[in-house]
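Here the chain labels run A, B, C and D in written order, and each chain numbers its own residues starting at 1.
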């Protein structure tokens, strides 16, 4: 996907995305550990917990873009509802992976989302309900293409922790779904963005949501350093 | 669909639905004209205008049920988003039919929805955003099964007005989609309703939304009697 | 209030309001009983129950108009929030009156709102969240001036049922608050309505919300005829 | 206000607030400049622009807490609507101050909020619409008490820029309103918080919203370093 296309705007968006990922791997404590192959099982579990939390809202805020659909564009509305349907319930995979790792966590006893996770969730609802309709595509653009950046460190993690495929369903499933989604997101961006302002608004959401994701993961890492394990969360709270 | 099933609750819902339709055909001025084959082209056009208005909101309020999804039930959430996707943009068919009939109406110059249409729309949003999740199925239950009741008078109308299939895309398309949807709605009702209170809440929405639809159509008929034609709406407003 | 003002638009709104009230007293089964002095204690109680339900939402939907405030008009926004504050918790008075009448009803065991009450509530939220900002004033316009029309029959009821002032706090308190509110609503209408379309939009809400209130009260009367008393509601449900 | 009270929970909240402010003045580039008396007129103007943006939403999200009011607590609901009324339109003061400084800025030509400002706004809506009702008080708690911390550096700024009172209406007006509000916020916290979890939820919002405010101001400072002046914003965008 990140190869060049016929659209200078998409290419420019891709270039910014790559540079933001580069910045993350350089400056984020979490991503530095991730790249170095230093993710422990407990840290992976804490990551999955926050993944569960924000993923619960992704199909919801995606659908809300279709609910607004101020221009009554049936094709974009269908895209929003269809993607929302495709991603409904994916948070269950994060819970499944946690349990496959041996953590007795379900939606009743899971810890509340970290403030940084809530901030990411809040921002995505805000953009979905008040931004121009194309803006949420800025989130989809990087989220559906993140595998290029996270699969190599994830392979290290899988190997060092000897993870089975039953313990990584969330990330594996998404890397598969997202190949097709990624094409659709690009096509929809070309359809929806009709001015430099439109592209700029999308770029802003891409950058901001990726940075907030980085802040969330750094908060996960910081929590890990303070508590070591999901099992200790209650006492550390 | 209205044949008996293995579920006494579905059968009872069906019986109530039939009795409500019977009541409509007996007491509603619009439905009496409809059954008698007395729908003129102008009255059909006024009907399509209000159909456009409420249909614009149906995929939206259907999606909102999935956005809430308080129990995090992935299967019901997917059902909501999928149905919303299936019905996205259907209001365009109502506009298409209007133009195929010769009325120069588009979304810029269409008249505002009647108060009775707004009331129906408002009620469906209210139920979708505050009711128990299964309640909106009470609307789907009758809406996806209405063809048994409206196809016979519609056949009379089609014949008396010599309507072509290009002038009836809205109702024809829905009667086709809705065969499959109707099965899914029944299956989902059986999955979602776990108590007599649940079934009663669904029944209440079925009755209320059908009655509000009847009031909307009676308001269409009353407008028709005052104005004769969409062309006269401006002067009559 | 219903005397003539210096504004032809306000005077015309008042004339329409009077004519709608006249229509209600002529055609509504509830209002005919009310005017005839035939409201029993049980019927008054059923009325208070629905009053509790819609009143819970009035300060809320009033505040939502201020939350939207698309034109960033500070004066109108302050009016909305101030009126919402003035009416917050008034539903408690309806509960209080019920208990003062001897009914053991609180918010835990109160029956659910009738479909007609839900429809009124739904319509007021719809107008408050999607109408032009001034439209909800169409509801306030008649609601804050209804005492001219309902105090005479209410006096008959008070006398025939020997009601004490502790049993009529809801209606008495409102008739007092609303003298001042009514002036403010008129001033705000003159400030907000700048075209014939604006006045027409307000008039539509005035008529529709008054009619929906009439339908709610007729549903109360119909429920009364079927059940006689709040005490029988459970068995009649 | 930050003196000790009879409530250990309020005292603990105050202690955390002070420590967060200490952290801000130590680590935030903006607050270090602010404390050192190095705020230029252009930087003050950029600050006022973002102040305009988030302030537009404060009375709105405050009112939304009253709209939800899940426990139907009339006293808290009235508090929310009353505070919303008190703060309605305060964003106009920020615009006024900008113009009094000589910047030709109004709501038509003002630059869009920075991503960090949007994130703060988004977070406050999220907490107001999905948190426990008392949580937004965590924002009010520090916001209505911030003058202890910002008045000393503000005095330096006022002196070094020779600002008149007509150029600082926003901050002066708030420091006055907030004396009374601050007492009410404390009383309401004592009324609403009934468990350690409640106080913890409030503390989390206090810390998070103060940090997001710090990030917003650091983004203002960073924008200032890139552009020097609001007049250059268009070319730098």
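To be clear about the criterion, a residue touches a chain if its C-beta (ideal position, glycine included) is under 8 Å from a C-beta of that chain, and two chains touch if they have at least 3 such contacts.
Bear in mind that the values here come from a model prediction, so they are computed numbers and not experimental data.
*Asks:* Can you compute the centre-to-centre distance for subunit B and subunit C, using the mean CA position of each chain? Integer Å is fine.
*Replies:* 30
*Asks:* Determine the centre-to-centre distance between subunit C and subunit D, using the mean Cα coordinates as centres, and give it in whole Å.
*Replies:* Here the centre of subunit D sits 38 Å away from the centre of subunit C.
*Asks:* In angstrom, rounded to a whole number, how far apart do the mean CA points of subunit A and subunit C lie?
*Replies:* 48
*Asks:* On subunit D, where are the residues touching two or more other chains?
*Replies:* none
*Asks:* Indicate which of the five shapes (line, ring, star, complete, other) describes how the chains touch one another.
*Replies:* ring
*Asks:* Return all touching chain pairs.
*Replies:* A-B, A-D, B-C, C-D
*Asks:* Could you list, by residue number, the parts of subunit C that touch subunit B in their complex?
*Replies:* For subunit C paired with subunit B, touching residues are 115, 118-119, 121-123, 125-127, 200, 204, 207-208, 212, 237.
*Asks:* Touching subunit B in the complex: which residues of subunit A?
*Replies:* For subunit A paired with subunit B, touching residues are 56, 59-60, 63-64, 66-67, 69, 72, 74-75, 77-78, 81-82, 84-85, 88-89, 91-92, 107.
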